[in-house]
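Below you'll find the structures, each written out as structure tokens.
Next, two complexes with subunit A in common: one pairs it with subunit B, the other with subunit C.
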Partner chain A sequence: MHIPDGFIDVPTSVAFAGIAAAGVALSLKGAKSTLDEKTAPLAGLTATFIFAVQMLNFPVAAGTSGHLLGGALAAILVGPWAASLALTVVLLMQGLLFADGGLTALGLNVFNMSLIGVWVGYASFIAIKKILPKNKSSISIAAFLAGLISVPFAAAGFVLQYAIGGTATFSISQVLTAMLGTHFLIGIGEGVISALAVGAVMASRSDLVYGYKGSQQVLETRVKE
Partner chain B sequence: MKKQNKFLIAGFILSLFLAGVVSHYASSSPDGLEKVAGDIGFLESAKEHSNSDGVLADYGVKGIKNERLSTGAAGVIGVIATAGVSTGLFLVLRRKSGANK
Partner chain C sequence: MGERLYIHRHSVVHSLPSHVKIIAVLFFVLVVVSTPITYWPAFVIFLALVIAAATAGKISIFTLSKRALIEVPFILFAVLMPFVGTGERFELGPLNLYRDGLLAGVSIVAKGTLGVLSAVILSTTTTAREILRGLERLRLPTIMVQIASFMLRYVNVISDEMERMKIARESRGFDATGVKHWKVIATSAAALFIRSYERGERVHLAMLSRGFDGELPHTESKSVGAKAWVTALVFPTLALITSLSFKMNG
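And now, the complex of A and B:
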């Protein structure tokens, strides 16, 4: 999913770098109001864990692999603002240290993975959580589906960028079909890893899980009524 | 607080293990985007990464011949660097929020 330099032309890359920078600025502001003494170290651990798991490419089809993006997972654990920042730190490390993801493509990658992946993942999680029973296993089910949904959307972000400023001239619909098909399969892996990781944190420290706090409040209100 | 620290340390050690040891067994097939780019035909438009000669380029430590060690060491360095930068950032954000209130 990491776009190298050259796929997308420079003007488009610059434009998306601007959008990415605005997204990161908003996230810095949002994270300030959500992070406290307990959740700030968890946000650091979330970024660290995502970096590690992104190294673990799993096979999805003949000759194709995929890896966790982590946007939905991070948003459920620490909230969407801190999640966008966590993903951005991971992308910076990968681009600067490991030559993974082009440096001129950084804004494109931040847009797809730190913004689309996180916010589509988070919105899906909230919507799915609402229709499921209010218990801990629903959190894992919602995490699976949020992870699954977030990946094709992030892939669609690339197709949008390709449509605007792709340096090659293959048909957009061809690129869209191929990207969505492949990334739906990768999304299944994303969903499984997200559900397992969220489930593990829920089992040991459910009080820290951002996406679970709302459900607890709902439960408490109902008890009082 | 103790429980919190235990949890964080366990998560950090797990991350070190995944990036340092398990990463060796990761699939080396092209990822989704690379595969699509290759199949459709725009993979050639990719340019060499500006850091492709870097010490840690492509998740290996330059100079370590053994592939398993090279990948593992790069993973461990990445985990430590990511943990340092991200935790530092989030702690600074958290502190500022405390000061404003």
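And now, the complex of A and C:
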């Protein structure tokens, strides 16, 4: 669920659009230096994957279901630069084509999901991986915690925006409690699913997991026989 | 995906260049968002403008409203607002409501709805490809446009792939009912990622073998006359005039 038009006031939206644009510009630079001319096809297909996986429903209980947000998962799989770009493009297309997320709120949504979601997820993944022993199951544990942490942080980004320029009448502490509480629960789901998905990719093609070999990894082009 | 949203008609709105339309929609939504809800007649005029634009684009109000349903969760959120909050209260029938909460709730619903409706008009009268071309003309970095065009080109392929995996799961008797089934679905997500990534690699190789060096060939675009801009900007300008006149009188 993305922020619609009119939920956060115009000056705040414009300011965050500026921050988001700067973050995306940095990600473009980073992606170009790590991926070179592969950026477009690989980030493009990652964006497609994120878009598709957000339609994949996970049943929770009593008929309710949730879906993956995918920030931390994408960062672990393809690296934070390409992941931020892919998520930004997903948000842009959702806003322009599906009216999901307001056009004037695009900067706010990009800030929360493409920047905070991806980078907090990736940073916590790297930090946790350092502490744990170097084996494959540590990758899954780190992926779980990265997913778990990234979601409430992205929600905290929203609370920050709300505190600066919210138009609703809920008090900031009410919003903080409600957002962090629900998103902590969502984060548990996100973490479990991210960990299971990363584990499954590790099992068959560990060479594709960017976070497994670290940023030194050279992305190999592999041709199917 | 993008093509399924587009509804082909011959109308003024359809024929406008896409970047002009994107700017017009953005301008309109900015005006709407900047107008305080207390100038409520202005919002009636905004809605009339949206309906006029839809009519000019030959889109039925039914289609428009059906696609706006994406906004429903936020409406539910806004409905709560009059009940929670602080400040002045008043009685409305059996309900005891907060005045500020009610205003803020109405504001969020009104502005959100107008934003959604405007975006829906854009995507029903413009093909996804055209929207991308418009973004390119608005100087969105080329690489972002390329990422987006890959996404649009492959989204049907990938979602069909996902659908096939779903059919494969179900034909083996799988029925996802709760948390204990997450592993199966997460594994599907992983398989989907590997398939997407490998497809990305194949696409990249295919591009390289056709001489790709990081730049996509540019198709030349003809310049846009003043007439198109004037036509497209009629609606946001009317909205701006409405908003400003209420500001002066209000």
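In the analysis below, the second predicted complex is superposed on the first by the 192 of 225 C-alpha atoms of A that agree within 3 Å, B and C clash if a C-alpha of one lies under 4 Å from a C-alpha of the other, contacts with A are read in each partner's own complex, and residues count from 1 in each chain.
The rule we apply is simple: a residue touches a chain if its C-beta (ideal position, glycine included) is under 8 Å from a C-beta of that chain, and two chains touch if they have at least 3 such contacts.
Small disclaimer: the values here were computed from a predicted structure and weren't measured.
J.: One more residue to check, A:77. First (subunit B), second (subunit C), both or neither?
T.: The answer is second: A:77 touches subunit C but not subunit B.
J.: Does the superposition put A:186 against subunit B (first), subunit C (second), both, or neither?
T.: first
J.: Quick check for you: in the superposed arrangement, does A:196 touch first (subunit B), second (subunit C), both or neither?
T.: In the superposed model, A:196 contacts subunit C only, not subunit B.
J.: Would you sort A:68 into first (subunit B), second (subunit C), both or neither based on which partner it touches?
T.: Second partner only, subunit C.
J.: In the superposed arrangement, which partner chain does A:10 touch: subunit B (first), subunit C (second), both, or neither?
T.: The answer is second: A:10 touches subunit C but not subunit B.
J.: Where does A:56 make contact in the superposed view: on subunit B (first), on subunit C (second), on both, or on neither?
T.: In the superposition, A:56 touches subunit B and subunit C alike.
J.: Indicate the residue numbers of subunit A shared between its subunit B interface and its subunit C interface, in ascending order.
T.: Of subunit A, residues 1, 4-7, 28, 31-32, 36-49, 51-53, 55-60, 85-86, 89-90, 92-93, 95-100, 102-103, 167-168, 170, 174, 204-205, 208 contact subunit B in one complex and subunit C in the other.
J.: Residues of subunit A touching subunit C in their complex?
T.: For subunit A paired with subunit C, touching residues are 1, 4-7, 9-10, 13, 24-25, 28, 31-32, 36-49, 51-53, 55-61, 68, 77-78, 85-86, 88-90, 92-93, 95-100, 102-104, 167-171, 174, 189, 192-193, 196-201, 204-205, 208, 221-224.
J.: Which bits of subunit C are touching subunit A when the two form their complex?
T.: Against subunit A, the touching part of subunit C is residues 1-2, 5, 22, 25-26, 29-30, 32-34, 67-68, 70-71, 73-74, 78, 81, 84-87, 98, 100-101, 104-105, 107-108, 110-112, 114-120, 122-123, 128, 131, 135, 141, 143-144, 146-155, 157-159, 161-162, 176-179, 181-183, 185-194, 196-205, 207, 212-214.
J.: Name, in rising order, each residue of subunit B that touches subunit A in their complex.
T.: My answer: residues 3-4, 7-8, 11-12, 14-16, 18-19, 22-23, 26-33, 35-37, 39-42, 45-52, 54, 56-59, 74-75, 77-79, 81-83, 85-91, 93-94, 96-98, 100.
J.: Report the residues of subunit A in contact with subunit B in the complex, numbered from low to high.
T.: Answer in residue numbers: 1-7, 28, 31-33, 35-49, 51-53, 55-60, 63-67, 82, 85-86, 89-90, 92-100, 102-103, 155, 158, 166-168, 170, 174-175, 178-179, 182-183, 185-186, 204-205, 208.
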